[in-house]
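Think of it as A, B and C in the order they're written, each chain with its own count starting at 1.
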Amino acid sequence: MDQIIERFKKLDTTCVSDAMDKIGIECSVYGIKPVQSGEKICGRAFTVHYAPCGAVKGTVGDFLDDVEPGQVIVIDNAGRDNCTVWGDIMAKTAKKYGITGTVIDGVCRDIPAVLECRYPVFSKGYYMRTGKDRVYVDAVNVPVTLSDIQVCPGDIVIGDDTGVVVVPQSRAEEVAEIAENIDRKEQEILALVAKGYKLKEARAMTGYHHLQTKEK
Amino acid sequence: MDQIIERFKKLDTTCVSDAMDKIGIECSVYGIKPVQSGEKICGRAFTVHYAPCGAVKGTVGDFLDDVEPGQVIVIDNAGRDNCTVWGDIMAKTAKKYGITGTVIDGVCRDIPAVLECRYPVFSKGYYMRTGKDRVYVDAVNVPVTLSDIQVCPGDIVIGDDTGVVVVPQSRAEEVAEIAENIDRKEQEILALVAKGYKLKEARAMTGYHHLQTKEK
Amino acid sequence: MDQIIERFKKLDTTCVSDAMDKIGIECSVYGIKPVQSGEKICGRAFTVHYAPCGAVKGTVGDFLDDVEPGQVIVIDNAGRDNCTVWGDIMAKTAKKYGITGTVIDGVCRDIPAVLECRYPVFSKGYYMRTGKDRVYVDAVNVPVTLSDIQVCPGDIVIGDDTGVVVVPQSRAEEVAEIAENIDRKEQEILALVAKGYKLKEARAMTGYHHLQTKEK
């Protein structure tokens, strides 16, 4: 079992984002949201890079057979919103393969089928126009970007209704520890408020305002 | 019965978009999405064009009495998002008249009522500011545009959770046939994957990568 | 009991927007939408202004202890979408305090928790990156803006699935009366259509096209 993944599964994107603030690395992916509300994903990145077709063309999506169960597919389509790189065949096959979910810097299609099979997809929106003959896969498992956040193969990708964050695997242990501490402090604040303390008091007692402040 | 409409009712926007790729005509409407998830519409277009009020003013929405049951109202409000051209009275009356749905290049209002009466509306968003005294209907049943896609009266308009596509009535038969073939091939791929074939193999066996490629 | 609030609770954002058109004051907040569909809020504004951190820093959110039950918190974060000013601790504490809801010209986080505790939040979207060390509260209960609409402390804020409108307290009585009249006329139109009148006739009989027209 991947112990660090098990720890991150208990954390949400908010706590992880605060922990990454503390170590001073950007992790919060802008504008990529779940297609289906209520999904939570956490796994290691299998990265895919798409490029526009020109004189050179290629294929889309055949990498799927190489993804391992539990991984999160991270597709860098450079934010293109005029053609799609994910659809019903991909979603149903990925689900069958035991893949955790897909995060796209771009758009997907076949929303009715994606919703129906409940395979988690996070994207910048949806559209029906195919990527075939428009873009092609030019690399897999290379460093890619999601809205200006770097994602390397094996990095930890976490998604929930607030969006997606990425933790570099080299810092994962440290980030998990900070995030767990922030989560604990926030639970303490809520417990104090429930007991009748003012929010301001509860926060002062737990050092809330600087939980995520970057250390000098 | 309108046979071609019955055939398109069995197809989704994705297959139709691919089929239109094959004949080389753009059909995928950008940025117009269902107000209510889970709706599916298919019918012939009754088109409406709005223009801004100036020295000349006019009325909004009175065309509704002229729409036939089963038609889809297509409103070209030039993408304006600062005033609305659809609301609760329109939705409830259209529902009563047996109209299939409304697609707006613009925004609508009265979202609680629209959701409650379950009349399908596809739009670029919502806002409450009325179009009255801001825009007026200057033509009905003329060619209009939805996000740069041409829609003529009688064209076939299909909408689902992925968005909206438009098929020119002069090409409808041909497009239905291509789309039905693509749909069949995609079902074959899923059946092969279910049997244990790799996705790449299943796609190669069915010619997936070029189902929608434009013929020279 | 706050009689005028009770009257506005029976009106939706659409009718109020039309009534404000009639008196010639903009009230329709652009681009701020409910996090959770189906919520309706109505209450007096407690306003909060955020400014960017620089050499001068400050705290976030401690104003919550000063908000009265029934009030609506209006946060002017200048539309910033790169850091958040509302999250799970704020939502759960506000709920406990009996606050009606929060409207943000900006973004919030902790969407799973906000949805779970069903505290109404209206915002320009969501993201996980904290506002801590990025923005701070520099004033409360001063005039603020929501997408270019002025909100003064004590103004009436109404939100539903269509969005948010603001009524200046000095004009509240007058606006309520106009909005109630518009609502009545619109019910009449629907009743006439139900009886079999054409929409155009029903509208002509009730003066629909000019219900909201500004008086000279």
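Note that a contact is a pair of C-beta atoms (placed from the backbone, for glycine too) under 8 Å apart; a residue touches a chain by one contact, two chains touch by 3 or more.
Please read all numbers here as calculations on a predicted model, not as lab measurements.
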{"item": "Touching groups left behind when chain B is ignored (all other chains fixed)", "value": "one piece"}
{"item": "Interface composition of copies chain A and chain B: same or different, split at half", "value": "different"}
{"item": "Relative orientation of copies chain B and chain C, as a Cα rotation angle in degrees, nearest 5", "value": "120"}
{"item": "Rounded Å distance, chain A centre to chain B centre (Cα mean)", "value": "31"}
{"item": "Per-residue multi-chain contacts in chain C, two or more chains", "value": "none"}
{"item": "Chain A to chain C touching residues, read off their complex", "value": "12-14, 16-18, 21, 28, 30, 33, 37-38, 40, 160-163, 165, 186, 189-190, 193-194, 198-200, 203, 209-214"}
{"item": "Touch list for chain B against partner chain C, complex", "value": "59-62, 64-65, 81-82, 87-89, 92-93, 96, 109-112, 115, 126-130, 132-133"}
